[in-house]
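See the structures that follow.
You will see chain A twice below: alongside chain B first, and alongside chain C after that.
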Partner chain A sequence: MAFVNLKTKVIQVKIVYYGPGRGGKTTNLEYIYRKFQQRINSEMVTVKTHGDRTLFFDFLPFDIGMVNGYNIKIQLYTVPGQVKYNATRRLVLRGVDGVVFVADAMAVCRGKNMQSLENLQENLASYKKNLNALPWVLQYNKMDLLEQGIPLLPVEMLEQDLNREFHAPHFTASAVKGTNVAATLKKIISLTIASIKKELL
Partner chain B sequence: MSYTLDQKQLDRIEEILKTDLIDNGVRCVFLIDMAGNIVTNLDNGEKQHDIYSLAALAAGNFGAVSAMAKIIGESEFSLLFHKGKKENIHFNKISSEFLLITIFGNDISLGFLRLKVSESVEQLKRILEALMTAHA
Partner chain C sequence: MSNTSKFETLSSELESRLDDLFREDAPPAASAAPARPATTPDNPLGELKKTVLSIDWEITPETIDSFQDHIRLLKEAFQRDKIISMFLQILGSLGQYIKTSRNNVHPSTFTVLNSVFARLEEIVTSPTMPAPARKKLLQAEMALYQDLRDKILKRRASAQPRPAGKAAVTAAAPAAPAPGAGAPPEALAQAIEELKVFIRSELKTLKEELGISARRT
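So, the complex of A and B:
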């Protein structure tokens, strides 16, 4: 739910990184934070457990400049991927404007990806939203593991499993190395802003 | 769903927060929605906080506490208070969509603050409820 402040001419946009546990959602945000540090004037907030897993969410706000005379403030969130934290995931999704679904391309994660996407749809439904009407992109992460001989799911299979009915834009990526992290972010920002524009104008 | 507040509505909200809270010694007050967006924020000029992070965490915190309330059979806890050595923070729900957060020092008593916050909340409710109905 983007908020438009007509007095200060600011639009606040919420983008949530969703996906199975240990899939690379936090790593995406950490890379963005490192790479665009000069444009991000606040700290990245993370609420973690002792084992370094996301407990609540990560939060990274930054400005992308002016669009149609409005200053756009993007707020990136991640959700905790672990199955048991569903209540927290639902909370973070509240008021979401765009979603990046970070799938784990390792062959062993096939089921976890599909389960997490289903869970995303259930949680969106509790806010009367769905993936056909919400801007979202898929990121097939951990592509770099192929070099180490770890079996990965072919992109065609990932597309078939997760994107068959939606045809959302997708990116193969390596969050650790930064490959396509910025491209994923750019795509979701442009889709989300276009959708907010359409809704408001 | 996106929503918009115009200059007149925001001026009115700021006037309420300034008269009821900042002029009575509150250091910082901000009105946020449950998604973690900041609708408006005011302070007495002494300290600058990272308000965007504060708003995101406050909305998350409030959501977590509401979920706790449901587990023990309460429909909600409509206000929260965290006490520090020098700074205290108080959360008050305005409606299902909005939350008022105040940061204040030990020079104000909690009772007085709660009284002033509840007076502001009553006035803010009228402005914000009209807004949510208009967008429903």
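So, the complex of A and C:
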């Protein structure tokens, strides 16, 4: 549940980027940080990394500013995608308000995507949350690899595998190039704020 | 105005703000590094921020110790600033409560911890903020903190219908911060008891090991 302070008129929202390892979660945050750093006036914190893989977490907080009299603060987190770090993933999901599921569109990653989505559902269930009630967005990442002749999963197949029962908004994207990174972020923020409208009105 | 139209106003205001923030008309900032370390020379709270985030993630003895060390250092550095000292006092009390309660920490504690830290950071990084504004921020966080204390005491009371006494109830709640006050006596007593148990256990193990090696020789 988002933290809404009616006295100070502050809303704090936690959004977690989830998905299989090497899928592009950190790349999403790095793009947002690099591209919009001057406007969001924030710093990205990466805590404890080993090599180029996230072992602990990436964290990017920023303020949207005043909207309808409320100061809206967004906190973006990523989770480590590797299967063995499930305890860490579950901890990051504590108090989550919205999720971006970053799927790897490479054909060889079909199983990993489904496994990761299943893992997300299990971990959310431990907090009595589920994807039918939580704002979330799917991002089919690495679409740029098609130019290099790498086989990708068709969007229809990705939708069938991951979104068949949810019908969540989805975006094809290239986090490396920045394609639809901002669109994904804007969508999840809008959905999450919409989910707490009762508290705001 | 009806709730529907109020929400429409909010939505359109939000969309417009998001479009302003995330328009794609500028190339990425060339100077932007992939990720900056938590500590920067112009932010004395950088290291503390790292430990706050770590505690929010997982409570370990190392993160709590590191958090308390940073609080101690900052208290010295800001001892002439009453408002900042009070913020640090609240953070210190929350840290002590988290340390003694570990897995039984009230879930709202992390929200309050993050909120208090965020306001402290706002004050520290805004040296020109007027005194009344600083005081107002402190009062708001004090209210949150008191609210948390009440919740903790209520939870303890409902978990233990017949507590042994007042000390038993207050031991697990963060102490009310008072300028110049140290760790709460109950928490201190509990920490000393834990230390005693630990030392006894270590001594026992040592004695056993010495006994074994003496028998061998």
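Definition applied: the second predicted complex is superposed on the first by the 196 of 201 C-alpha atoms of A that agree within 3 Å, B and C clash if a C-alpha of one lies under 4 Å from a C-alpha of the other, contacts with A are read in each partner's own complex, and residues count from 1 in each chain.
Basically, a residue touches a chain if its C-beta (ideal position, glycine included) is under 8 Å from a C-beta of that chain, and two chains touch if they have at least 3 such contacts.
This one's a predicted model, so the numbers in the text were calculated from it and none came from an experiment.
After superposition onto chain A, partners chain B and chain C are found to clash with each other.
Legend: residue contacts after superposition of the two complexes on their common chain; A:Gln82 is shown touching neither chain B nor chain C. Looking at the shared chain after the overlay, A:Thr172 reaches neither chain B nor chain C.
In the superposed pair of complexes, A:Ile40 makes contact with chain C only, with no contact to chain B. Within the superposed three-chain model, A:Asn71 lies out of touch with both chain B and chain C [touch as defined at top].
In the superposition on chain A, contact of A:Leu6 is made with chain B only, not with chain C. Note on chain A: of its two partners chain C and chain B, the one contacting more of its residues is C.
In the overlay built on the shared chain, the residue A:Val92 is in contact with chain B and with chain C.
When the two structures are aligned on the shared chain, A:Ile196 is found in touch with chain B, with no touch to chain C.
Of the two partner chains, chain B and chain C are each touched by A:Phe59.
On chain A, the patch touched by chain B and the patch touched by chain C overlap at residues 3, 5, 7, 12, 43, 45, 47, 56-57, 59, 73, 88, 91-92, 95, 200.
Every residue of chain B that touches chain A in the complex is listed here, in rising order: 1-7, 10-11, 33-40, 50, 52-53, 56-57, 59-60, 63-64, 67. In the complex of the two chains, the chain C residues touching chain A come out as 3, 6-7, 9-11, 13-15, 17-22, 24, 26, 28-29, 32, 34-38, 40, 49-50, 53-54, 57-58, 110-111, 114-115, 118, 140, 143-144. On chain A, the positions that touch chain B within their shared complex are 1-7, 12, 14, 42-43, 45, 47, 56-57, 59, 61, 73, 75, 77, 87-88, 91-92, 94-97, 196, 199-200.
Taken together, the chain A residues at the contact with chain C in this complex read 3, 5, 7-8, 12, 30-40, 43-47, 56-59, 64-65, 67-68, 72-73, 88, 91-92, 95, 178, 182, 185-186, 189-190, 193-194, 197, 200-201.
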